[in-house]
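Attaching a single structure in structure tokens format; questions to follow.
Every chain is named by a letter (A, B and C) in the order it is written, and numbering of its residues begins at 1.
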Amino acid sequence: MEFTVRQIAALINGKVQGNDALPINQLAKIEEGQPGSISFLSNLKYEPFLYTTQASAVIVDGSFEPKKPVAATLIFVENSYSAFTRLLEEYHRQMSFARVGVEQPSYLADNSTVGEQVYRGAFSYIGRNCRIGNNVKIYPHVFIGDNVQIGDNTILHPGVRVLENCVVGSHCTLHPNAVIGSDGFGFAPQPDGTYKTIPQLGNVILEDHVSVGANTTIDCATMGSTIIRRGAKLDNLIQIGHNVEIGANTVIAAQTGISGSTKIGANCTIGGQAGIGGHISIADHTRIGAQSGVGKSIKEPGQAINGTPSQDLKESLKSQVLIRQLPQLEKRISALEKKGIGDQ
Amino acid sequence: MEFTVRQIAALINGKVQGNDALPINQLAKIEEGQPGSISFLSNLKYEPFLYTTQASAVIVDGSFEPKKPVAATLIFVENSYSAFTRLLEEYHRQMSFARVGVEQPSYLADNSTVGEQVYRGAFSYIGRNCRIGNNVKIYPHVFIGDNVQIGDNTILHPGVRVLENCVVGSHCTLHPNAVIGSDGFGFAPQPDGTYKTIPQLGNVILEDHVSVGANTTIDCATMGSTIIRRGAKLDNLIQIGHNVEIGANTVIAAQTGISGSTKIGANCTIGGQAGIGGHISIADHTRIGAQSGVGKSIKEPGQAINGTPSQDLKESLKSQVLIRQLPQLEKRISALEKKGIGDQ
Amino acid sequence: MEFTVRQIAALINGKVQGNDALPINQLAKIEEGQPGSISFLSNLKYEPFLYTTQASAVIVDGSFEPKKPVAATLIFVENSYSAFTRLLEEYHRQMSFARVGVEQPSYLADNSTVGEQVYRGAFSYIGRNCRIGNNVKIYPHVFIGDNVQIGDNTILHPGVRVLENCVVGSHCTLHPNAVIGSDGFGFAPQPDGTYKTIPQLGNVILEDHVSVGANTTIDCATMGSTIIRRGAKLDNLIQIGHNVEIGANTVIAAQTGISGSTKIGANCTIGGQAGIGGHISIADHTRIGAQSGVGKSIKEPGQAINGTPSQDLKESLKSQVLIRQLPQLEKRISALEKKGIGDQ
């Protein structure tokens, strides 16, 4: 994708000083700018780079006055940082949704409908009775099982698996090799020590604006639905058990696991590698530290908890300091004991 | 798949009261029943739903007497819960094994033999000299390397990778993106600080009735075999190192890791996110808590252990309570010390 | 692949006693040797197997004198263990790079160049403007996005995803379903509780001789590059956040997670399931224990650390012993307190 400086200035409502016909095809940090790239100067700590950068154009604040000659074309805007962020977003949006059409070979089974402006990459697979919305981007090697629905403007990166009967909302992003709707882990112990598989007949529902990280797995419900609510963001390598519900706008960092039938509230933040036990509920706005182990329900909203087993964050930090001091504590007890003997 | 109430009643040995010609194509909870679905009533807590459910049919105990008129057709059986479970299993079995035939394009290399009633999905790949049993279901995007054997009635879900020389038993289920037979992690340190790769030439053997979760990885042995014994069940995102052996009917929850050359006994249960060190053995019937770290062999069968480093479960729970009380313990020591000073 | 005993003896500079025309097509432990396999005897504990083995040939030390008749052909070398290791490596190298050519269907977009002796498996996908070096092995179901570079002699196992703009060095091995260049986890909180996606426009650079495990995920940088330095070895199911740098020859065991913008030095070893926080640096030659949680920078090189929160390894082991003894410590405090009361 290539723009001129003039087009970019129009997008971010800026005033150009210099050559406005230069072509721009990349965004870069000011210290790494190359011909064809555009950068920005906000923090004046980076001002020296302005006079040496190879970038074709630099976005600066309207109030900024260069102290030396500048080779790059300048674009003056009200707030250079916001303008650059807007540019990033626009660039990313255009890149993400640039692909349209069908690469061959790809597979589309009977009775499935596909919207407008859809991309279907080579080796992508769509099963029977699916409904794929408009502007959906299905990268190579994606698998979509029977009876799946995908909302508008959703991106499925390479190798994503959406199993039968699952529902994916609009504006979702599923990162590579994410698995939506794998069987829940349910086995009934038999008298002879073996296990019988409990059929998992439910599905997974991802509401709108959900993000699912690379290699993350979300199991289908035994019956009913595992639900990820609107705007929730899941990082990579996360495990979501069957019949779990994750609340709206909850953010979960990588490698965390949520056991079956647990309900996480809205607007929670959960650190990496945390483990949440099964059949409990976590109140809205709870913050859970990385590597925590949570075995009991959190009923009061807005708490910060940490540790294994988890406790109030402040208490947990005190305990953690004292764990490190355990050898000294033990010496203090020994000293008291010896003194005690001396006393007798 | 569609049945009549009459057909279902015959399968579960029930007596019909009402219209036995109704079509059934779904199983549902009684409170969520829709026309075309069948449900059950076992726990009488749910009895009020019986009089309002939209389900076409409901399975009830033979001794049950409705207190109000019921719109749904009733099927009376000895034990409604068992009958419904049997129905679930039959439905699941029929759904799982419904697919037969070959979707194109798919890849089948020379000298490989494929049994009867096999499904080979589009974009599935079978290497050379493989033997694929009867009724095996190979979903799209599955990779099967050279010299692999797959037993009868085994299901390989989308994106499963079975690398060369591996052996998969009968009645196994491999969930999406599971990796069987990736290289073990073996590197020999060199005097200059670099590492030389130690060739991993062995394979993985999954015995019969093994289940492997989504995105789980099982490394091949350096020489010989990594072995998962009959009936073992592995959840999602588990790591099994090279030359490990997992005993029969052992169940491992998600995100647990087993380091190389460790031997886990039969009928063990291991919680999620646990870590088991390398070159140790764990006795039969051991129960290991979630997030535990086990560094030493467990020799006596039937123990419950927990924590990092792991210890007897009861002791571990006591220690965990006291970890939370460490700030108070420290204050009690301080108080004793002050009193001691006062004594002098 | 098949060799004669004579050819193998020539490769490892050995002297044959017995039939040097026997065909060899496998390497095996001496106790598991079958006709057609070659084994070795180094540790004399295994000598009894020499007289019973079915292997066609056995490599022995030059000084070794059999005490009984041996059916197998013997190859005498200076050091039987080293000779066998060399054979293993040669065998592995030949197996790994044996495949050449293109299986169909596979996908190669415009403007991409592919070197000599390359293997492109069925259902592999190469995007636009890619440069693929010589002797690269691209297994089935591999996805390579636009503008990707892959150096010579690199192997991409089935299901590997290398996303757009990433750079992979020479002599790298990417194991099945590894994801290189997925979006970093960046979301800006909005006043209404929702999150806005922060575009991730950078890439991942893997230098030469890097190994990436099965189902491991390495996120691209927000801007600039996530970098894995020369010779680093990453095990399975590892998470590497955006803008991370992993130093040369650093080895990381399975299921460890490194949060965003953290810099790990060279020649470090990190145990399994460890978690390293974001925006910190770890000095060269640091050893970090399994399941550790590291939240602060390690500035002095060569330290061994352990635990959560991590501390010096020796102190950590002392603390861990005392955690187990907490119930006894508490009793000792109680005893002192009671005595104190008696004193008064």
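Basically, a contact is a pair of C-beta atoms (placed from the backbone, for glycine too) under 8 Å apart; a residue touches a chain by one contact, two chains touch by 3 or more.
Because the structure is predicted, anything quoted here is derived from the model rather than measured.
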Chain B on chain C, rotation in degrees - Cα superposition, rounded to nearest 5: 120
Same or different contact residues where chain C meets its copy chain A, judged by the half mark: different
Distance between chain centroids, defined by C-alpha means - chain A, chain C (Å): 26
For chain B, residues contacting two or more additional chains: 105, 123, 141, 159, 177, 215, 237, 255, 273, 323, 329, 333, 336, 343
Partner chain B, residues of chain A touching it in the complex: 105, 107, 123, 125, 141, 143, 145, 159, 161, 163, 177, 179, 182-183, 185, 187, 193-201, 215, 217, 219, 223-224, 237, 239, 241, 255, 257, 259, 273, 275, 277, 293, 307-309, 311, 315, 318-319, 322-323, 325, 329, 332-333, 336, 339, 343
Of all residues in chain C, those that touch chain B in their complex: 27-29, 32, 88-89, 91-92, 103, 105, 121-123, 139-141, 157-159, 173, 175-177, 209, 211, 213-215, 231, 233, 235-237, 248-249, 251, 253-255, 266-267, 272-273, 290-291, 320, 323-324, 326-327, 329-330, 333, 336-337, 340, 343
